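Data first, discussion second: the structure below is written as structure tokens.
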Amino acid sequence: MQTRRETLKQSALVAGMLAAAGFPQFANAAYNKAAFDAKTLQDVVKALGGSTVAESKDVTITGPDIAENGAVVPLSVATSLSGVKQMLVLVEKNPAAMVAMFNMTDSIEASFATRAKMGQSSDVYAVAIMADGKALFAKKEVKVTLGGCGG
Amino acid sequence: MADPMRIRAQASGDKATVRVLMSHEMESGQRKDAAGKLVPAWFIQEVSATLNGKPVMSAEWGPSVSKNPFLQFTVKGAKAGDKLAVTWKDTKGESRTDEATVS
Amino acid sequence: MNQSVGHNTKKIALALSLFVLSSVALAQKSSTDSIAEYRAMLQDGNPADLFEAKGEDLWKKARGPKNVSLEKCDLGKGAGVVKGAWVELPRFFSDTNRVQDLESRLVTCMQDLQGLNAEEINKTPFGKGEQANLTALATWISAESKGMKFNLPQGHIEERKMYEAGKRLFFMRSGPHDFACATCHSQDDKRIRLQDLPNLTKNPGAGNGFGAWPAYRVSNGQMWSAQLRLNDCYRQQRFPYPLFGSDATIALGVFMGVNGKGGEATAPAIKR
Amino acid sequence: MNRKHTLALTAIAAVFLTACAAPMPTSADLDKLAKDMASRSFRAQGQAKLDRLEQDEDNRLCSDADSKGVSVTEADAKAIEARNLASIKAPADGKYLGDFKAGEKVAQSGAGKTWTDKEDAPNGGNCYNCHQISQTELSYGTIGPSLYNYGKMRGVTDPTSATAKPIVEYTWGKIQNSRAYNACSSMPRFGHKAILTETQIKDVMALLLDPASPINK
């Protein structure tokens, strides 16, 4: 069995190799600042070049009804639809709505889980941007409470 | 240099579930320190993954992904023994790549 | 007639109050369930893993003025034995002639084997420099005992004295709020705000509570060692600042650990 | 068996059981051991000075009983309650109730008196840590009883009335110094230990007893 230390050494090696190759997978990536500055679902979709926005039963958002701490709110987004270009995770009442954007390829499923910070109780969204520019979403409410003794 | 990631990639059928933990502060740029000064934003902005060297996933993140981020995704056509590598790059231009073997 | 109306009103009032009570209970149950659900969602992917990996590396890495690893450190089960060490700590060590918990024992090893300065480490704030390393080490070492049962030794008289002292400190009410550890942690099924409070005087609370630290705190994204957990308890108790690795903190560890005998080690856990 | 014999037997048993080791100290010696341990295990930090480790007689008696798993003796309980009751003073202006909205804020706050709190910042009442109060706040503790509908359940419709006087005075006293009514209560002595100001206590009183307070709806 590989020890963690060996894994580390290997990782460093891999990092070196990838650095030498100039991170090919980042070559075309341009961070979409406008989308990450947008305050609303509509504006996020617009910044990503999308068109219509509609709720869809084929998109799912999973998260807790109540989060004991807003610093870490587990959220999963998924869809069974084909022809998805991007999957987004949004928290409506955060200073900027978009948490994460995943670019789809044929090699992955349209299903991602991550954890978001939430400043207050809010609706959270899973959004699938389709190849034709349509944005299909699902939403749910997550309440953020104060878990500790507040001291 | 940033601390290594923890990557678990488990094959089941013709796909593999990948779970990644990254060591990063993910400063939102909204938080004030003890002296009341705004702590500048510093977060992972780009994440990507390769399977046996071939790009399979890329993502862009904002400042509201939680500290020490967790990410889960599913790679099609991955089998035990395959090499799954994950790379992140943050707003300071720092980056880190770690690799795991699909089990 | 009048009487009958009065009777009916009373009945309605009673029905209404029952309705209010039961809806309160229902709302409460669902919020408790939701919190449990939230915690379950966090179990997969505990960032403590990151600290565990760092700790294992630190254990095996040659460091300090003497440039040696900690692989010869005796955590109570012989030099270099890590697995199972944590579920038997704190315990008496004859070389230092004192009962030590995991963290204070690690400091002894860091000084004796690696030539690091114990006093400096003890004075370093949590999460900084060698203290951050210490927490990572404790995270990995505790993880190596995951699933094992607590079995603190009580054979040495110093271990029994520490238990008795720990018990007295646990129940010691003082400070402006008259709080003791026992104020929050001596009854079953109590909560502070929404947080469940383990009863640390017996199992399952003692094993569950004591056996969960080091733990990753999602509220601040920090890895908290057992010493830091106790330190923050004392802060909220409005006591003065407990010295790192002090006898009072170790005595409390003995009291909780012995009470948790047979309980399962779950550290490193993930906590609010 | 008389005491002398018991002691002798215990000593013999101890010798056999622990072989060459020293026998276990007496309970009183262990009390001292714990006390000495406390005095060398802490340092002052911020406003949390070392004098906080010095227990008053009430805390000493209650802690001692707690660690033995018993209640304080009836005589001790009466003495504790009597001297704590004597510390309670009625409000200088005769007004027991303040503003319930401000009271809710005091009840919500768990701040104050820790080594990370500023000394001049207002202290909180920590009420929700242990009690359910408002129905809309789901994050409440269960160490103390629910205080939802506190005034309403006790039939308080006019807190200034003669009928409400006993419950108003009792509630005032309970917040000022809980040990006047329950010798070893876990509740902080908010007035006696100067945790809350008189204004803050009046505001919490209003939260509990004002018929207009949302908790009495």
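Here the chain labels run A, B, C and D in written order, and each chain numbers its own residues starting at 1.
The rule we apply is simple: a contact is a pair of C-beta atoms (placed from the backbone, for glycine too) under 8 Å apart; a residue touches a chain by one contact, two chains touch by 3 or more.
These numbers were taken from a predicted model, which means no experiment stands behind them.
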Item to check | Graph separation of chain B and chain D (steps between touching chains) | outcome: 2
Checklist outcome for this item: Between C-D and B-C, more contacting C-beta pairs sit at C-D
Checklist entry - Can you give the whole-Å distance between the Cα centres of chain C and chain D? => result 24
Next on the checklist: Just the number, please: Cα centre separation of chain B and chain C in whole Å.
Outcome noted: 30
Checklist entry - Quick one: chain A and chain C, Cα centre-to-centre, how many Å? => result 34
Checklist entry - So, what's the distance in Å between the C-alpha centres of chain D and chain A? => result 47
Checklist entry - Residues of chain D that touch two or more other chains: which are they? => result 114, 126, 128-129, 138-139, 141
Checklist entry - Which positions in chain B touch two or more other chains at once? => result 4-5, 26, 66-67, 70, 72
Item to check | Two or more partner chains touched - positions in chain A | outcome: 8, 66, 71-72, 74, 115, 145-151
Checklist outcome for this item: Counting only contacts in the complex, chain C reaches chain B at residues 44-47, 49-50, 53-54, 216, 218, 221
Checklist entry - Residues of chain B touching chain C in their complex? => result 3-6, 19, 21-23, 25-26, 66-68, 70, 72
Item to check | Touching residues on chain C, where the partner in the complex is chain D | outcome: 24, 27-28, 31, 156-157, 160-161, 164-165, 167-180, 182-184, 186-187, 189-194, 197, 234-236, 238-243, 246-249, 251
Checklist entry - Residues of chain A touching chain C in their complex? => result 3-5, 8, 63-69, 71-72, 74, 115, 145-151
Next on the checklist: For a test of understanding, state which residues of chain D touch chain C in their complex under the given definition.
Outcome noted: 18, 21-22, 24-25, 30-31, 33-35, 37-38, 40-45, 48-50, 52-55, 58-59, 62-63, 66-67, 113-116, 126, 128-130, 135, 138-143, 148, 186, 188-189, 193-195
